[in-house]
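The same subunit A turns up in both complexes below, where it pairs with subunit B and then with subunit C.
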Partner chain A sequence: MKYLKLIFRNVGRNRLRSLLTVLVTVVLVFVVTLVWSVLWLLDQVTTEKSQNFSAMVTERWAIPSRLPFSYADPLSRGAAHKPGDIQPLDSMTWQFYGGTLDAKNFTRENIIFGIACEPEKLATMMDGLNDLPAEQESQLHEDIAQLKANRQGIILGHNHLDATNKRIGERLKLTGIGNFKGLDLEFEIVGTFPAGRYDTLAAFNRDYYNNELDAYAARNNGRKHPLAERSLNLMVLKVPDRAAFTRLASQIESSPEFSNPAVKCETMASGISSMLESFRDLIWGMRWLLAPACLVTILLVIANAISISVRERRLELAVLKVLGFRPYQLLILVLGESLLLGSVAGLISAGLTYGIINWGLGGISFPIGFFDRFMIPTAALWWGPAIGGLASLLGSFLPAWSARGVKAANVFSKVA
Partner chain B sequence: MDTAPQDGKIVRIHGVHKFFQRGSERLDVLNGVTLDVPEGEFLGLMGPSGSGKTTLLNLIAGLDTPSQGEIWVGDQLISTMTEGQLASWRTRNIGFIFQFYHLLPVLTAYENVELPLLLLPLSAAQRKQQVTTILELVGLADRMYHRPGQLSGGQQQRVGIARAIVTDPTAIMADEPTGDLDARAAEEILNLLCMLRESLHKTIIMVTHDPRAAQRTHRLLHLEKGLLVEQVNA
Partner chain C sequence: MILVLFAIAVAIPLVLWSIGKIPLSYNLRNLTLRWKTTVMTALAFTAVIALLTVMMAFVNGMKKMTEGTGQPGNVLILADGATDETFSNLNVGDLTEIENLPEVARQNGRPMASRETLLVVNQLTPDPAGGYKRRFLQLRGIEDPRLSARVHGLRLLSGGTWFSEAGVQEASAPESKSDEAAPLIQAVLGEGVAHELGRARSEEELAVAKNRDRLDVGDTFLLGERRWVVVGVIDSAGSTFNSEIWAKRSLAAAMFGKDTYTTLVLQTEGAATAKQFKKFLAEDYKKAAVNAQVETEYYKSLSETTAQFSYAIGFIAVVMSIGGIFGVMNTMFAAISQRMGDIGVLRLLGYARWQILVSFLLESMVIALVGGLLGCILGSLSNGWTANSIVGGQGGGKLVVLQLAVNADIIATGLFLTLLMGLLGGLLPALSAMRLKPLDALR
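Entry: the complex of A and B
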């Protein structure tokens, strides 16, 4: 504590250099925080949970997975037939749908991608929606109640709401695109997902969707829509733990009910990992090239600034030695200066990143797999100072070691 | 640490050699110096450049160790101490005054004088009292919150002297303390050193090229080619 004043004064000695060092560190910590935020969320969703396992059932041999909707009922029971067979705690059907607001000129902004599902399952089966803060949870429950009451209701993500320039209560008409051509749906917007992970998703009532698939045949002389027999894309099942999951997976995969097409049952984490497989190189590069490159750059910038500072102050360091400062005390003084610079820069950067990205921009736009937008986690508020502090300590170690070894007699013989 | 009877001598140097190795060449700077300095003496060291004055001063101050021989300061043999031991020893026993003051430019006069006290187990209040007293003693009570850049050369040297004596050291080493000052400021500094020696009974060893400074010492030693060649009583 006694040396704090000296450390502060030394940092303020060359303000321009200190300011530039802080600025470079702020920018680099900003980049590292962005990269780590994306990786953090991907790690979260691809890491197996020890409890409340989510299992995902998809088509075994085809991507994208398309299962008959008739699979939904037996799958919701986990293909349990005999006494002693395990049943999932809960289940949710996912039927994908993509449509545009402007069939003649569809752009990324006017396309809405959504899932048809059981409305009440949104609150219990969707990762991130089952552990919301009280206020958001109560709003979500209100929206779900609206969705249940209104078969043509739809809950939109924030991005869709912004891009379509619509408000809750307004209606919208979607023209099916791609595989969904011929399925034109009309909705009333009844709510929005909480900001964050589901900003680019929409959810609506599966009964309406299935009805429209049936109505397609009636409108087309009995010719069914190509998706009519294969409208279930995946089924999410909840089980209490890994042991239960293993039994359930074996039950489902060996059941003759699901032989054509065959199904596979994997954990949600491993399912998402499979979906992210095509981004493997990008994620690898972010994790092992981009983030480390930024860290090394911070380290070099700080090492350079502290080296110059130590070189300029050899005489002063020698004076301190004459006054009785021990080598380790000089080491602490120099390391303290860099730690101060690095951790303050890290703290500023973390605060700015959190504020600008989460409050200002509403997340980082980085479409990858199911995910479109990434929020900066609260944990990033300590990543910044930790990254800055640690990198600066490592970077300044050699200059500090050199300061520690200053020989007063040699320095003064040169001065004389 | 070794201890020995002092017999009224504050510094005792026996057969000290110091050489530096520059590649294959050996440079002998001190060649068997033997010297006793009584407590309270004001000793002057003179000699041409390269004669070993500063080296001898550095050895007595524990900034360097001799290649051979013994150096006792007070009752302690410092020539065998490690770097860490010498550092702690210097804090309590040696005050060093530099030709170019070497004050830390980012600190005020008060903070510069307080620096060596940070190494001692003193409370902030004790440090404040000691620093204030010393700055008053050197006549800078009204300049204590000025930074070195805001002080004249003479005032800076007074701060340097205050810093050297604030820990109440056994001996004060002064390396050409008037070398960077005009005649008037030099005179003031010499007066201050004499006053300190008399009032605080401090032992002062001063390297100087200045004949006026030399005249103020009790004893003047000449060093030439690493040997004490002349002793003159001032």
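Entry: the complex of A and C
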């Protein structure tokens, strides 16, 4: 205990140096936490789950995937035909739609990108919406009930709501853009996704969308919309485990029902991983250049601060030796001071980053693939102290070793 | 702007050095005497500046690519409401009308118009962990490759040819496998994608490859359910065409289920005509609603991603610079506390307070400059590295293989930042040194 007190007292002795060391560590741990938060989420979504597999069925070769809507029904049964064929636990259709609030001048802010789906599946099939806190879950269920009751209802992500300056209950008219030209949809905003989840997405009732595709032909002398024959973009299927997924994928990919166009069935993690492949080098740079450079900088700064501190305290270290301190105790003393500084700074940094980013800013805006905003995970609260502590231990090892080797006679002879 | 900032940053130490009375050699001797501290502080600067240089080179490479693609005399037509080629569906009837407008240049009576279908397709690649992975490739289906190449101002590297009218050729050595028994689809590759596809080859394939760095004429690859043969490689470095595979449109579009054109590129007499033509199509042309853009402007608009990365890098640069400032501050405070006696003697010798300030400021800037210079040199090694990315926004984007490009602006920014960190980090310790009273310092 006395030893611990000594460590605390030594850290407080040169408050300016301790403060500056803490500040550098706080700042650099902040950068590492941001980078790791982005990588953490990307790793999470690309890591296969052991249970509750989500499988994704898309067009085999082309992107964006465009499948006939007639595929939806047999796919929802997993193309099961024979006794013993496996069927998915649940399924959800995704039909993409993109429209703008201002057809003459469309910008990132006034474009809304959404999915037409079965409303009730939002609560059960969307990752991140099936494990909400009770209050948010109840709100989501209310919004879904409204979406089912009002076929022209729409649930908007927070970013859309903010960018369009609209509120729940207001109406909006979207003019189809790109592939969706000619499909102009009118909606009433019935709810919003919980903050931090699907902020850049909108969801609406697929019945309304499919009716509008049919209505397009009626309005255009029977000429169908270019998407009419292939309006289903992807199908999400839920299966209990890896083995069931393998069987289901085999059933679907070998089924003659899905030959033109051919389909592929992959796990959600694998699908997302493929999409992120385009950002492979950027992610590599974040993982292997940015974060390590910050760690090296922390290490150097701490090593520098501790080495200055040891140099200034050679006399004190010599006195401690004369008083009976063993070399390993001096080593631990210096390492302890450094560990204390690093881990406290790391904890402060992680706490501040978590609070400011998640509660203050609503996430880090870093558009990569279809991810737009990243939250700091709770795990970051231990990353901070761990990074700070480990970097300080490594950085202070050499100075601590030098403190261990202080020779009392040499030091006193110089003083004399 | 960058050069002005850099000039200011360089001017400050030069001015300090010229007005300072305490010889710089005094500071240099102190730095070498405490070389471990100096090296560690400088290395922290090196890490920060090297990293920033690499990140800025990435953004610069992206910017160069989007700004270097396209011809100023070309007008690019997409479907009305489409911001990106991938989401464009053009009506064939409209294309014929537009191609025959008088503003479109002609050669031998033929309009200089390139009809294209851009597709993004999946390719299966072997996964080192077993099984297969997917990657996305950009496939541009075109009708007449020679005409399209003239419109785009592209040419082939030596040894290659454009694909034939049929777009296919017989396999030279038919194998038993069904994919190799079918005729090979001829493809012309951008250099970047040729390099990417070349990386996926097995050791056995590499052992017999005539070009180990990238796929070359005569090499084959699998895409979709067919085997493709490279008949030419486009001299496309520095443009987004670098990442594209070109093939006969009728084959490619049918194979991947896109039966419409996505893009029409029209050559006009020059940049001025292209601008007028674009305006005409946007405002006065009533026969069809299309999205017409001067080709260079279209590619410039893809640099939206560049802006996003620039903001991110700017933010990281500021945060890491703050870290660097605290780091050098720590070192300088320590230097001052160790040299109290020196400061006292200097004051007694008649040096003024401001001269002490200048001396310590210079010392801090020297450490920063040495570390920063080394960082710039290390970061510059990334010049020419290739990286995959996506440029463009609003729901679309192009997959590109870009080259990191370090230029004078980046080096100037790096040196400016390092000197600024040195200046700000040294300021507080230098002020504290300046305020010391001679006798107190000596005591």
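To be clear about the criterion, the second predicted complex is superposed on the first by the 416 of 416 C-alpha atoms of A that agree within 3 Å, B and C clash if a C-alpha of one lies under 4 Å from a C-alpha of the other, contacts with A are read in each partner's own complex, and residues count from 1 in each chain.
To be clear about the criterion, contacts are C-beta pairs under 8 Å (C-beta built on N, C-alpha and C of every residue); 3 or more make two chains touch, one makes a residue touch a chain.
Here the structure is a predicted model, which is why all the values come from computation and not from measurement.
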item	value
Touching partner for A:Ser307 - first (subunit B), second (subunit C), both, neither	second
Touching partner for A:Leu320 - first (subunit B), second (subunit C), both, neither	first
Subunit B versus subunit C as contact partner of A:Thr297, first or second or both or neither	second
Which partner, subunit B or subunit C, touches more subunit A residues	C
Touched partner set for A:Arg66, first subunit B, second subunit C, both or neither	second
Touched partner set for A:Gly285, first subunit B, second subunit C, both or neither	second
Touched partner set for A:Lys2, first subunit B, second subunit C, both or neither	first
Intersection of subunit A interface sets (partners subunit B, subunit C)	none
Complex contacts: residues of subunit A adjacent to subunit C	16-17, 20-21, 23-24, 27-28, 30-31, 59-64, 66, 98, 100, 103, 106, 108, 111, 113, 175-181, 226, 230, 261, 264, 273-275, 277-282, 285, 289-290, 293-294, 296-297, 300-301, 303-305, 307-308, 312, 366-367
Subunit C - residues contacting subunit A, complex	36-37, 40-41, 43-44, 47-48, 50-51, 54-55, 58, 79-84, 86-89, 119-122, 133-136, 224-225, 255-258, 260, 304, 308, 312, 316, 319-320, 322-324, 326-327, 329-331, 333-334, 337-338, 387-390, 393-396, 399
Complex interface listing, subunit B residues touching subunit A	54-55, 58, 61, 63-64, 83-84, 87-92, 96, 98-100, 102, 104-107, 111, 115-116, 118-119, 163, 175
Interfacial residue positions of subunit A with respect to subunit B in the complex	2-3, 5-6, 9-10, 12-13, 315-316, 319-327, 329, 407-409, 412-413, 415-416
